[in-house]
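Across the two complexes that follow, chain A remains constant while its partner is chain B and subsequently chain C.
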Partner chain A sequence: MLRLEKRPQPSRAWAWATPVLAVVLTMIAGGLLFAALGKDPVEAIRTIFWDPLFGQYASYSRPQLLVKAGPLILIAIGLSLGFRAGIWNIGAEGQYIVGALCAAAVGLAFYPSEARWVIFPLMIVAGALGGLLWAMIPGLLKVRFGTNEILVSLMLVYVAENVQSWMALGPLRNPEGMGFPGSRNLAQYPAAANPELIAGTGMHWGVVAALLAVIAAYVLLSRHLLGFHIRLTGESPRAAAFSGVNPGALILICMGASGALAGLAGMFEITGPSGRVSIDFNVGYGFTAIIVAFLGRLHPVGILLAGLLLALTYIGGEVASLTLRLPVAAIQLFQGMLLFFLLAVDVLTNYRVRRAREGTA
Partner chain B sequence: MFGSIDPLLLLASLMVAATPIVFAAIGELVVERAGVLNLGVEGMMITGAVCGFIVAVQTGSPLLGFAGAAVGGAALSLLFAALTQYLLSNQVATGLALTLFGLGLASLLGQGWVGIRAPSVPDLPLGPLRDIPVLGPVLFRHDPMVYLGLLVCLGVWWFLNRTRGGLILRAVGDNHDAAHALGYRVVRVRVLAILFGGAMAGLGGAYLSLVRVPTWTDGITAGAGWIALAIVVFASWRPGRLVIGAYLFGGVAQLQLNLQAAGVRVPVEILSMSPYIATILVLVLLSAGRAPGCLGRSFHAAR
Partner chain C sequence: MKRRTLLISGAGTAFAAALGSPLRAQEPIKVGFVYVGPIGDGGWTYQHNEGRLALEEHFGDQVETIYQESVPEGPDAERVLTQMALQGADIIFTTSFGYMEATNNVAAQFPDVKFEHATGYMRNTPNVATYDARFYEGRAVIGTIAGHMTQTNKIGYIGSFPIPEVIQGINSSFLHARKVNPDVEMVVVWAYTWIDPAKEADAAKALLEQGVDVILQHTDSTAPQAAAAEAGNVYTFGQASDMAAFKPTPRIASIIDNWAPYYIERIQALMDGTWESTHTWGGIGDGEVEIGEITDAVPAEVKAEAEQMIADIASGAYHPFTGPINKQDGTPWLAEGEVATDEQLVSMDFYVEGMTGEIPN
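For the complex of A and B:
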């Protein structure tokens, strides 16, 4: 029989090795899944992980890597702060939607003015503020009434989705859209657009913001007292309370930061890649970002790498659904599987596997 | 404006609207009383919904469909049990993974089954009870699952409060170290509870795809699993309050549907979001119970 023995300290080597191991295991299990669906597993894995970067049409798909990774990283960085402190904001999807809606509303209010240096920054502020306020609802309810933030933040995703379709069909609808749902295209409105900054790279302001967030989170967690408090609260809430951490303030800071970053991600998305407020412009970045945060070990640099990897599965999934007729849902399953394997092999980080001797029970 | 809403019909359909939540929530209640927080209810529900639907359409028997749904939900929960109980993973993260995984799995399995109608589930023949004025149409003209849900709640109440097994389960949930010291198998109890929770969530999901909708569409659960989790908190982990909570929710969900149909001059989206807002309000205003002592904590018998 095997038994587990708790390590005095989590293993540093395994902490970096487990995500790689999880990716390898997911590829194997995914290959079996694709084989079960009647596809050639090697070809499917190659189509998802190799072709978007180095294949025949890579010049089209490569820029998409940054376009998709930007929002994932931006949201995951915010979530990781809370997750480290044991504050579970899982409603990033809702904060992303509300941020996008607020930014779009501000931008459309100025239409067709051309003062980009006023409008674009104002929209950034509106996006961050929208996400922040939406995240403050579960935050304040938790601080004031002890309400479970997991459930409230998640319920608010459904509320946000309804607000979104209301806005797309009602107040924000394009007056020149001949009755079709959806707003004006913000990407074609020069004062509000979030264009590609360097042609052919996919780099836009959202990607810049994501990189800045990675750096800021790294400095915060390793060099700043607040970062220390966040880590301390996650590892030992009692010790944190004795060292003078105000738990309520910490909840509001973590919820607010993750909400603001998710709102920003929504803002950059609605002004660039997605362009219009429609009834379904959100594609689940807020949920995938949870996987990104865990796969990156809640560490800023790890999240950067994990965000790129998950972005690759999005693009590869699209390519595979076109060329191999692989169902889009298979990719969602694949991403869920990745998180499962990561959590499973994580046992190696915190425990040593020993063979139990006979006679000891 | 409200004239077109028949209160008796509303009360009758309220019981139907509440049933998926009753199943999913009573399963999760047992899981949480054993000290495990499984946030994967939504994923197990939708997997149950698609499994139940496929089995029912293939065999033509709704009964086998519900059985298949219970097996499907339990199978998915076995993954959660293996990860959290044997590999000691974080329960919150694993539950979220289960939901994401289940949503993908269901959507994959459900391809090619969209737009088919499920075989209909006949009402339970309750004979003369059906013809009682007022009470008959409200209480006694439903399919068997509505009553089964209530029976399960009653059974869980009896099990938790009146049997030795229930006492052990509660001990494991309140203090797993003490239960372990007394010689109870903490992990075994928890795995069994998780399997029960999975099976019940599967039944709740299948009720959506076989009775309530009754067809398969992607994302059919629309957050019902999360609402079930909220109802457990509202119920302070007690089966009686759970039924009240689920029926309250069913009432709001049904009322807003009826208001939509009656063409009230309020945007449809505001009505559609009302069940979720009601759930938040209920969580804030009415939850006062004490959670099981070891809820969400991993158990590792250090030697």
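For the complex of A and C:
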């Protein structure tokens, strides 16, 4: 029989091998699922993983990978800082919404001014600040009253969704929208728009911000004292306390940073791909980013790759459901498997599989 | 691939059109559908898919249909639409209000592809048409039945979004319930979703707790029907599709959207080369809105009254919004015998006299 033996140290090799193994296992199990649905499994897997990159219409779908991955990476980088320190901000979706709303409100307040070099930077600041302040609510409540930041941040997502509905129907409603809900289209307002920087590449300011965040997080975690404190707090809170880490300050910094990045993601999305504040413009990036953070092992480079991979499964999944008529539920199941297998094979990082000797029942 | 790339650039449009038309004679027309929910929602999306199946049955080999389920209303819709156009769709039906921007944006990129947007009003380019159904006609009929059936004189209404189409439905059903039962009150709960079984069930329970014993819904799932069945002694109406599984009670009748006649007509027009950018608003008389079987739980004389109203609306003898009708604040809206114009209906943003509560703003 097999038995698990705890490793004295988590295996570094397995820590990097498990995501790859998880992807391979997802392909196998997903292939079986697609075969059971009567589709050619090889073709289905190829459509999801290969066609968006190198298929017939790849010149369109490759840039879309960046558009989809950009916000995921930006949010996940912020979340990973807190997750490393054992601070669980689950409400990035809400911070994303509030960031987008603040940025949109600032942009629309200037409408129809053409002073892009004032308006666009102000909107960026407003977006980051909005997300930061929204994240401060669970942060401060935790520091001051010891509340659970998981619950509070999650519940605030639903509050943010209702604020968003109200904004779309009330204060930010397009006065020329014939009574329909939704704001003016910011992507069509040149002073506030976040267009593609080079046509046909998918590269917009949000993607640039995501790449900068990856680099900044890498430097922070590997070179900076704050990064050391974050890692130390996550690995050994007692040791961190002895070495002079102020736990309250660390909570606020981590919550604030993740909130600000989520707010920025919302800002770049509402001024670019999404365009307008509607009743439900949020599409779950804040929640999906949690998967991205863990899939990327809470490491900046890992998150970059994981964000691109998840974007690939989304875009490839869409193509597959369109061309192969795969039901959308099967695609979602496929994406869910990825996280499931990742968590399952994670055991190998912390445990060694040993063959149990006979007689030692 | 070359040909489609050329299409995006727009420069090759004339060339592609010249190349495209003779090809059409042999190739089947490729028809795309974008759905906001899963086909299995048993409501709105299910009915659009029935329309798609009717197309296949009617035209046989002359058409090929593709579809995408559960496409979020936002940036994802634009990508899905572009993918469909790239895959060679000749005409694409986008079946939810929230696709309005995306439909028009993508239509501008693909002047050779026709786009049909359900329930919207924006037709920026000559290759976009819009279509809708006069659901308020059906609401008048079930409002009449609801007014007779309620014991507590409280009718509940699960609203989706406070947009004119939904407000028309609320006003129409309330006016007709009041006409047969002057003591009727209507309680509206806004779910802010087109389909979300959990939220819809919550909304139904909230209504039941307020003493409501008849529930009308403008959301697509059968969750309110299930909640009513559990509560007992509550009547409901199928929405968008027949929801026959809940016959004979709680579902005592239904409003069915029948898109098949419109879809067939439009594809025929495309084949004949007579397709134009139009707005179509069909009702009971056009067969676009149908009332499903009125079950035996409804007394015979009420059923007869409802059937008479269906016949009168179909023949044009009766319009559900015929004056005198006052607005909620008591100001006159329609004078004695005056009939609401379509312009007045599509911009309706107020309750009629007698309604309590406010439209969220």
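Remarks
One rule holds for everything that comes next: the second predicted complex is superposed on the first by the 349 of 361 C-alpha atoms of A that agree within 3 Å, B and C clash if a C-alpha of one lies under 4 Å from a C-alpha of the other, contacts with A are read in each partner's own complex, and residues count from 1 in each chain.
One rule holds in what follows: a contact is a pair of C-beta atoms (placed from the backbone, for glycine too) under 8 Å apart; a residue touches a chain by one contact, two chains touch by 3 or more.
Not measured: the values here are computed from a predicted model.
With chain A as the common reference for superposition, the partners chain B and chain C occupy clashing space.
Of the two partner chains placed by the overlay, only chain B lies in contact with A:6; chain C stays clear of it.
Of the two partners chain B and chain C, it is B that touches the larger number of chain A residues. Using the contact criterion defined above for the overlaid structures, shared-chain residue A:181 touches chain C, although it does not reach chain B.
By the document's definition of touching, of the two partners only chain B reaches A:350; chain C does not.
When both complexes are overlaid on chain A, the residue A:329 reaches chain B and chain C alike. Of the two partner chains, chain C is the only one that A:280 touches; chain B does not reach it. In the superposed model, A:198 makes contact with neither chain B nor chain C.
When the two structures are aligned on the shared chain, A:166 is found in touch with chain B and with chain C.
Clashing C-alpha atoms with chain C after superposition occur in a single stretch of chain B, namely 111-119 (options considered: 111-119, 129-137 or 147-155).
Residues 162, 165-166, 169-170, 327, 329 of chain A are contacted both by chain B in one complex and by chain C in the other. For chain C in complex with chain A, the touching residues are 1, 4-5, 38, 66-70, 72-76, 78-80, 82-84, 86-87, 97-98, 101, 121, 161-164, 192-193, 346-347, 349, 360-361. Per the touch definition, chain A reaches chain B in the complex via residues 3-4, 6, 88, 90, 141, 145, 147-148, 150-152, 154-159, 162-163, 165-166, 169-170, 287, 290-291, 294, 327, 329-337, 339-340, 343-344, 346-347, 350-351, 360. Of all the residues in chain A, the ones that touch chain C in their complex are 56-57, 59-61, 64, 67, 162, 165-166, 169-170, 178-181, 185, 269, 273-276, 278-281, 283, 315, 318-319, 321-323, 325, 327-329. Residue ranges of chain B in contact with chain A, taken from their complex: 39, 79, 82-83, 87-90, 92-94, 96-98, 100-105, 107-108, 111, 222-223, 226-227, 229-230, 233, 267, 269-270, 272-273, 276-277, 279-280, 283-284, 287, 300, 302-303.
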